[in-house]
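In the two assemblies presented below, chain A is common to both, partnered first by chain B and then by chain C.
On to the complex of A and B.
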């Protein structure tokens, strides 16, 4: 059943996102074609090229933002709108619902990132493309030369952090929607309110932490000295703390979202 | 339907092929401004299709590299052209040889000249530069620098308009005689006696060969007021001589004033024709 759920969600995402991703690729192709007539001394060329770059950047941002928005909307529609009546009668647990939505949103986010990567290849098609890859390889080699085996670990930690952050971010949205649906009216507005509440709370915690550090100059200095002496270890620690915090927050959001879906379902 | 898909696919393929084969101005520019060392020994570099060989210059002797063009780089062979600016060293050559430089210099160390407060503009980079000579001119230029005959002087002059501009004025025989006379006798010389002059600011004289190609970096400071000047050879003078002391005191006083106004636009005055006393009174 979970497979069917994923398949259904997949089809729904495809209908919405494939045209956008094709548009990104198309705009990238237009940008590359414009570059064939490259002449920076010509003002008209400058305007056309500038516009095509702006359009391309906007299309990339739109594709990324829409992927997230569609993931949120799909969750809301599937769980708490009319479609929710059907979803919750299926022989699928809330955990499976959440995971199916998360997996599909993750896959489409990867799809969008891949589209952006391909579009960048289109924009720089030709010798520039080769030079960019050469530069990336050179920088990686230089990075490895300097950081030795820390580099692959940094990359692995960063990737893990990004994936967990994505799941955490999505689950936070799911949590906000799940809290928002408890309201009798204006459920979406309530969800937005919850989101801002969480945002403000996290900012307050961050500020309190920063103030605490700055009010303790000795701690600040000791920390600074330690970072200077152990820069490589410091980044490992930062990434690992980030991963642990994100895992905890992801777990908390998952737990409460599941709880609300199990015990406090309030369909319209 | 199939036919239209085929036509669209064909057009797309043609466009991709066209784009792939097209050059890129930014990349072409990067290639044009990048020289590559042929190996890690850095004894040779290729630039604009020509080979340049490292010069073996006697200590203290260097090629004159004033009014150079910047924005060029010399990089190791494995550095991608797009990163030559970040991972390469600065390469400079004379503006007048822009199209086909005979001598290029790699700056081995970037020094913040304006932060140092030093007077000697022209020679400042000389010991931070490594010179490379075009292969076809290598022997003649190498001979020139080995047998350095720097019995002439040029005045390093400059001015600020919108941009910093420098010009080296080679002193003619009469002017060289006047300068040497001034040095020997420790007397002031009237500017009017100097036939090789410029309206630009000049505060230093440099030794050079008759073609103004090389210098042995002996530089004479000019201490001046609106009508006359005298020169001061830091390396040649006997520091105990009263004349030297007198000159040095003047020089130090001038430098003190210069340092006081270092970051002021009025600096231009003291480097020009305003008397030290006049300036000190301001």
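On to the complex of A and C.
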């Protein structure tokens, strides 16, 4: 059933996101064409070039932001708007709905990142892209080699953290929307309120932790010395703690979202 | 005849307001039942609870012994009182979607009925008229070979010709072993096809009887009895 859900979720995301991704590529192509007529002495060319670069940068940011927003909106529409009357009467479990939406969101986020990568290739076409990527890779490897750090290990940790953070972030949004729909009126506003509530709570916890460390100068100093002596281990620990915390929070948000969809559905 | 739907002491409360108030109900298979009541009586609330779209404050609902959930959804074919299909989809896509998810869906029957209406299957739902969109929704619901059909206000807000089409589509396509629960307040249009009626008022059932028995005992049509029971 998840496969079938993915098929229809994919189609609904595609009609919204493909035009945005094509727009990024189109703007990148325009930028590349503008570069062909390179003439920095000409003031008008400078304005056109500057505008095309600004437009290109904005288009990348907009594409990334919209990919996330569309993923959130599609969850709300699919589960709690009129469309929910169909979604929740299909012989499908809430878990399958959540998995389908998460997988499709992740695929489209990868799609947008790939689009941005391709657009960078277009912008630098025939000039510096191969050298740029080669030299960036070379410098990164050299840097890690000098530090005697294990580059593939860091990449694996970073990727795991990014994937888990993405799922965790999406599930937090799903959780906020699912709590918001319990409200009699202003369901979206209630969801936004829940989001800010969680944000404020996490900031308070972070601040309390920071204050605790700063109020214990001995602990602060010992920690500083240990980090200096074991920098590589420190980064691994930071990554691993990040992954573990994200996994826990992802699990918590998943559990409560599923619970609300199963036991507290309130389609009015 | 076997039991298809059972509601025991079903209550749905919104603050101090009771949308359903200690409602108990038993529906057997092979019947067409009218769920009749004025606006705000609790018809849609009951239907949503049967379909698992609302959670009751108290009481239970079972469909063939199972609470609303993934096990009951393949058995219940539901037509909501709102437009619930993705407007960007074509008629063909939505038929494929139903065929993908419901094992009891009969796509050839759906396409036949769509063709009879002269609707192009390549058309997007948003390009269809309100009447045709409602007909497509009904065709999808009635093309299933379900155990229980739950139709919420299927004939409200449509012209008399469309009303006749809708009623004949229901009668000609439902699984005879199944039950059909039709919510409406347009009783005279539907009375002739009903086996039983349920009168619902302020979230409570005030009458549940066969149409024949109502005529015998009260010497009047269901429509007349409804006007008498719900007179202001």
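Keep this in mind: the second predicted complex is superposed on the first by the 262 of 268 C-alpha atoms of A that agree within 3 Å, B and C clash if a C-alpha of one lies under 4 Å from a C-alpha of the other, contacts with A are read in each partner's own complex, and residues count from 1 in each chain.
Please note the rule applied: contacts are C-beta pairs under 8 Å (C-beta built on N, C-alpha and C of every residue); 3 or more make two chains touch, one makes a residue touch a chain.
Given the structure is predicted, the values throughout are model-derived calculations rather than measurements.
After superposition onto chain A, partners chain B and chain C are found to sit side by side with no clash.
Comparing chain B with chain C, more residues of chain A are touched by C. In the superposed model, A:132 makes contact with chain B only, not with chain C.
In the superposition on chain A, A:185 makes contact with neither chain B nor chain C. In the overlay built on the shared chain, the residue A:35 is in contact with chain B alone; chain C does not reach it. No C-alpha atom of chain B lies closer than 21 Å to one of chain C in the superposed arrangement. Chain contact summary for the complex, chain B toward chain A: residues 12, 15-16, 18-27, 78-83, 87. By the touch criterion given at the top, residues 1, 4, 7-8, 11-12, 15, 82-86, 88-93, 184, 262-268 of chain A touch chain C in their complex. Listed in rising order, the residues of chain C touching chain A in the complex are 14, 48, 51-55, 69-70, 73-74, 76, 78, 80, 82-86, 88, 93, 97, 100-102. Residues 29, 32-33, 35-36, 38-40, 125-128, 131-132, 134-135, 138-139, 142 of chain A touch chain B in their complex.
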